[in-house]
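Below is one structure, written out as structure tokens, with a few remarks after it.
The chains carry the letters A, B, C and D, assigned in the order they are written, with residues numbered from 1 in each.
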Amino acid sequence: MIQITLIQIDNYGPWTVTPGPRHEPDLQTLQSRLYGDLEREFGAHGGIVFFNRFDNLIAISNGMDYEDHLLIQDSIRNRYPITISMGIGTAKTAFEAQKIATEMIQKGGGAQNAERKEILNIDSLADKEDGEVRIAHIDIDDITNTLTDIKTAFDTSIEVYKVLYMLMDELSEVGSMCFFIGGDNYMAPVNNVSEEELQKVLDNIYEKTGIHLKAGIGIGKKALKAADLADIGLEEIRAKKTDSSILVLKDN
Amino acid sequence: MIQITLIQIDNYGPWTVTPGPRHEPDLQTLQSRLYGDLEREFGAHGGIVFFNRFDNLIAISNGMDYEDHLLIQDSIRNRYPITISMGIGTAKTAFEAQKIATEMIQKGGGAQNAERKEILNIDSLADKEDGEVRIAHIDIDDITNTLTDIKTAFDTSIEVYKVLYMLMDELSEVGSMCFFIGGDNYMAPVNNVSEEELQKVLDNIYEKTGIHLKAGIGIGKKALKAADLADIGLEEIRAKKTDSSILVLKDN
Amino acid sequence: MIQITLIQIDNYGPWTVTPGPRHEPDLQTLQSRLYGDLEREFGAHGGIVFFNRFDNLIAISNGMDYEDHLLIQDSIRNRYPITISMGIGTAKTAFEAQKIATEMIQKGGGAQNAERKEILNIDSLADKEDGEVRIAHIDIDDITNTLTDIKTAFDTSIEVYKVLYMLMDELSEVGSMCFFIGGDNYMAPVNNVSEEELQKVLDNIYEKTGIHLKAGIGIGKKALKAADLADIGLEEIRAKKTDSSILVLKDN
Amino acid sequence: MIQITLIQIDNYGPWTVTPGPRHEPDLQTLQSRLYGDLEREFGAHGGIVFFNRFDNLIAISNGMDYEDHLLIQDSIRNRYPITISMGIGTAKTAFEAQKIATEMIQKGGGAQNAERKEILNIDSLADKEDGEVRIAHIDIDDITNTLTDIKTAFDTSIEVYKVLYMLMDELSEVGSMCFFIGGDNYMAPVNNVSEEELQKVLDNIYEKTGIHLKAGIGIGKKALKAADLADIGLEEIRAKKTDSSILVLKDN
């Protein structure tokens, strides 16, 4: 079971333009700081946060309970001009878990409802011992030589974001999600997604775009461990220690 | 003329896996902190930075010279475990300027060349008095009611990223670029892109997706001012002060 | 028993002037960021960090074990141009615990020994259940009206730092330490220091300086809880809910 | 003439305990982040900020005008739960300049007056061309071998803070101020303070404490340049390139 926390800035849209529009570099800084801080807060407990849309961030939070989340919610209120709401869901797939997490927030009120503030609703928590997180770390084969060093920076970005959109779209169909983590790297929580299903997604994208993708998959009790193993898997594929474009490593 | 700075982390890919893969939450924090810090450094001079791919960031830097960039490069070296290279180009369109900026970095060596370090190559600078920055701030009509509050968080994200990819692709065809700035917001430097061309892009996306977009355009000597005006333009469309889905405001 | 972690930047002095002196604003930023980040990392586990001398920081770390510290050490290496060593000691008084923590680092080598890097030596850990942290939060009576609003900013600072030095000096004699936490506030871990001993220190300082001090003392299993209670105690004295200038609150 | 900006968090004390006391690690993080951010904002214009008491920070701001300060004030409001007021004074000595800066803030209202918010009062600005900043970077001779590596961490801190208090007290008498900048380092803006006066202060402290101090002095149009030269001066004394314990370097 994978545990997903959806983090939503309360009433953010209206705040950004009250009393008048706030300077965009300030908002960008605010959002990146918030993302970085949440990454540390969840990271300190073995979790991972993805920036997603910056005002709606998604974390894998296996091993974290109500008190851990409350401390984070307090900390943001004490250091930022905004507050956050959180919904927590647990399910067999990451997509299903975020669906539940979304409902946990939505039942507290709308995202631009000035009354709604600091919701912290938990549907269920993953068992600390029996929970399991599966993470795929996906990247583009040899992007430096095929894109970065020969195309313009923005042309490379278009390719990277095209692949991102396709991964988001196709992986959501098999119960996963996908997030951009910088460079040519993507991360997808793949609980209950088979290697075959993932391979099919990578194949589809290759057919449509000509871009080769590979994926290391890590399995652990918490996101941090799973991600570490996924990275190692990716390195082993890169080093040609396997012929496959997918490699699974499990913590024991 | 718009001045674009391309910022590239030196030899980043290899560093992230040396001696072994580094914890992903640490890398995500590093990247978000770097982005936030660069936003402040450029922002202090009236510029704006877009995170783009986090290891390749793109800034609108009108008004900033060699010394300003050097101070930033030093500051990053003194506070981070990595260093950055920068290329600067100026042109009639943002796309052309980033192309030149890319070449300025590429001629210093490849992105994963361990020898290449702290390149700072300027092709040309925009005139401080005669330079002009045009920025479009684009967003999705009423996303809170049509998506955020009724769909799952990730389903909304898929829509937002689909629009992002389309905007990146189509705007690059008319000499612009496009960046995600969080929520349902996009920002595009649109020097030498006509209102008609932009309207056509928004129309195309509506036809393909059914999603309504609107855009405030701001014109100023520096990015900060242009972005402020773009925000105000967007607010005025939102408040129905105009029938058009595009509004242009110019600093005088 | 109180558990103290001493955090020392490895070989920091030489680094700040290699190859030449680095810009002071960059170093100040580095130090403040490191302090803030360590505060989050320890804070996420109920600990507190005091900046002390910025290159030597002191934390109350009851409840944290080897793995928790290792994750922090990794995180700093992955995001900063410097690394940190840590020594951990547990004792009846905070002063004794920091003495042991210092020895744990010193036995790894000197602070400016280029060979010494990322020491993580634990003498002993406090029992997670039986450990206890006592914290005094001390401040100056009515500083706003007696100093801030009538004297120059720097004259007020001289008074605040005079009191700081005196508190450091006198409290170290009774087995405590004292740290400046901003404004006119000081924090002292006072395990095994009696109320009478603390009152005597406050009285001595009043006699020498004419400055009235008061102190809330909190007792909890972890530093965060103890500090929360100390703050509440201070508020109650301020609100005249007690005649004493010291108030003790205990978590139960 | 040296230009000093006093930065004061508006109504901070009351905020920290409303509605109840806020977690101390959160406040410490807030303060360190604010300090780091202000350091970047002023640093981007060649200035330097000293944390002083964290809720009252002091900057050397030669070269910065009203617009520069306003952008900083906006940025803090947009990213923090608190706002700041600033007073700016210019004088022959740093102490006199901060006195004027303090008055500029005080005339806007008291530090804990809930009505007072975002004051930005300038008495006068230093001439951008004729202004001059003199900075002394002072440190303790060979602290690693005499203190850090043989005494406990806190015993070393007591010595460092004793020297700090003495420097603050004695330098204020000759028109300067003094700030702790970490480790065993102090920085003092010494416009119109003669080498003889500074030497006398260092001698007095040696007589009272047995601690040897040395000082590099840098002179430049802005604080950043002056501080760079002060650092180089200190390095030259350390390298025995001079017999004196004070060395002055001037930008030309």
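The criterion applied here is as follows: a residue touches a chain if its C-beta (ideal position, glycine included) is under 8 Å from a C-beta of that chain, and two chains touch if they have at least 3 such contacts.
Computed from a predicted model, the values in this text were never measured in an experiment.
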item: Topological distance between subunit B and subunit D, in contact steps; value: 1
item: Chain pair with more C-beta contacts, A-C versus A-B; value: A-B
item: Chain at maximum distance from subunit B, centres defined as averaged CA atoms; value: C
item: Distance from the mean Cα position of subunit D to that of subunit A, given in whole angstrom; value: 42
item: Computed distance of Cα centres, subunit B from subunit A, in Å; value: 22
item: Separation of subunit A from subunit C, taking each centre as the mean of its C-alpha atoms, in whole Å; value: 36
item: Residues of subunit B touching at least two other chains; value: 23, 25-27, 29, 33, 40, 43, 75
item: List of subunit A residues in touch with subunit B within their complex; value: 6, 8, 12-13, 17, 20-21, 23-29, 31-33, 35-36, 39-40, 42-43, 47-49, 51-56, 58, 95, 98-99, 101-102, 106, 110-112, 137, 144, 148-149, 151-158, 160-162, 164-165, 168-169, 172, 177, 181-184, 187, 224, 227-228, 231-232, 234-235
item: Residues of subunit A that touch subunit D when the two form their complex; value: 22-23, 25-27, 29-30, 33, 71, 74-75, 77-81
item: Subunit A - residues contacting subunit C, complex; value: 37, 40-41, 43-45, 71, 75
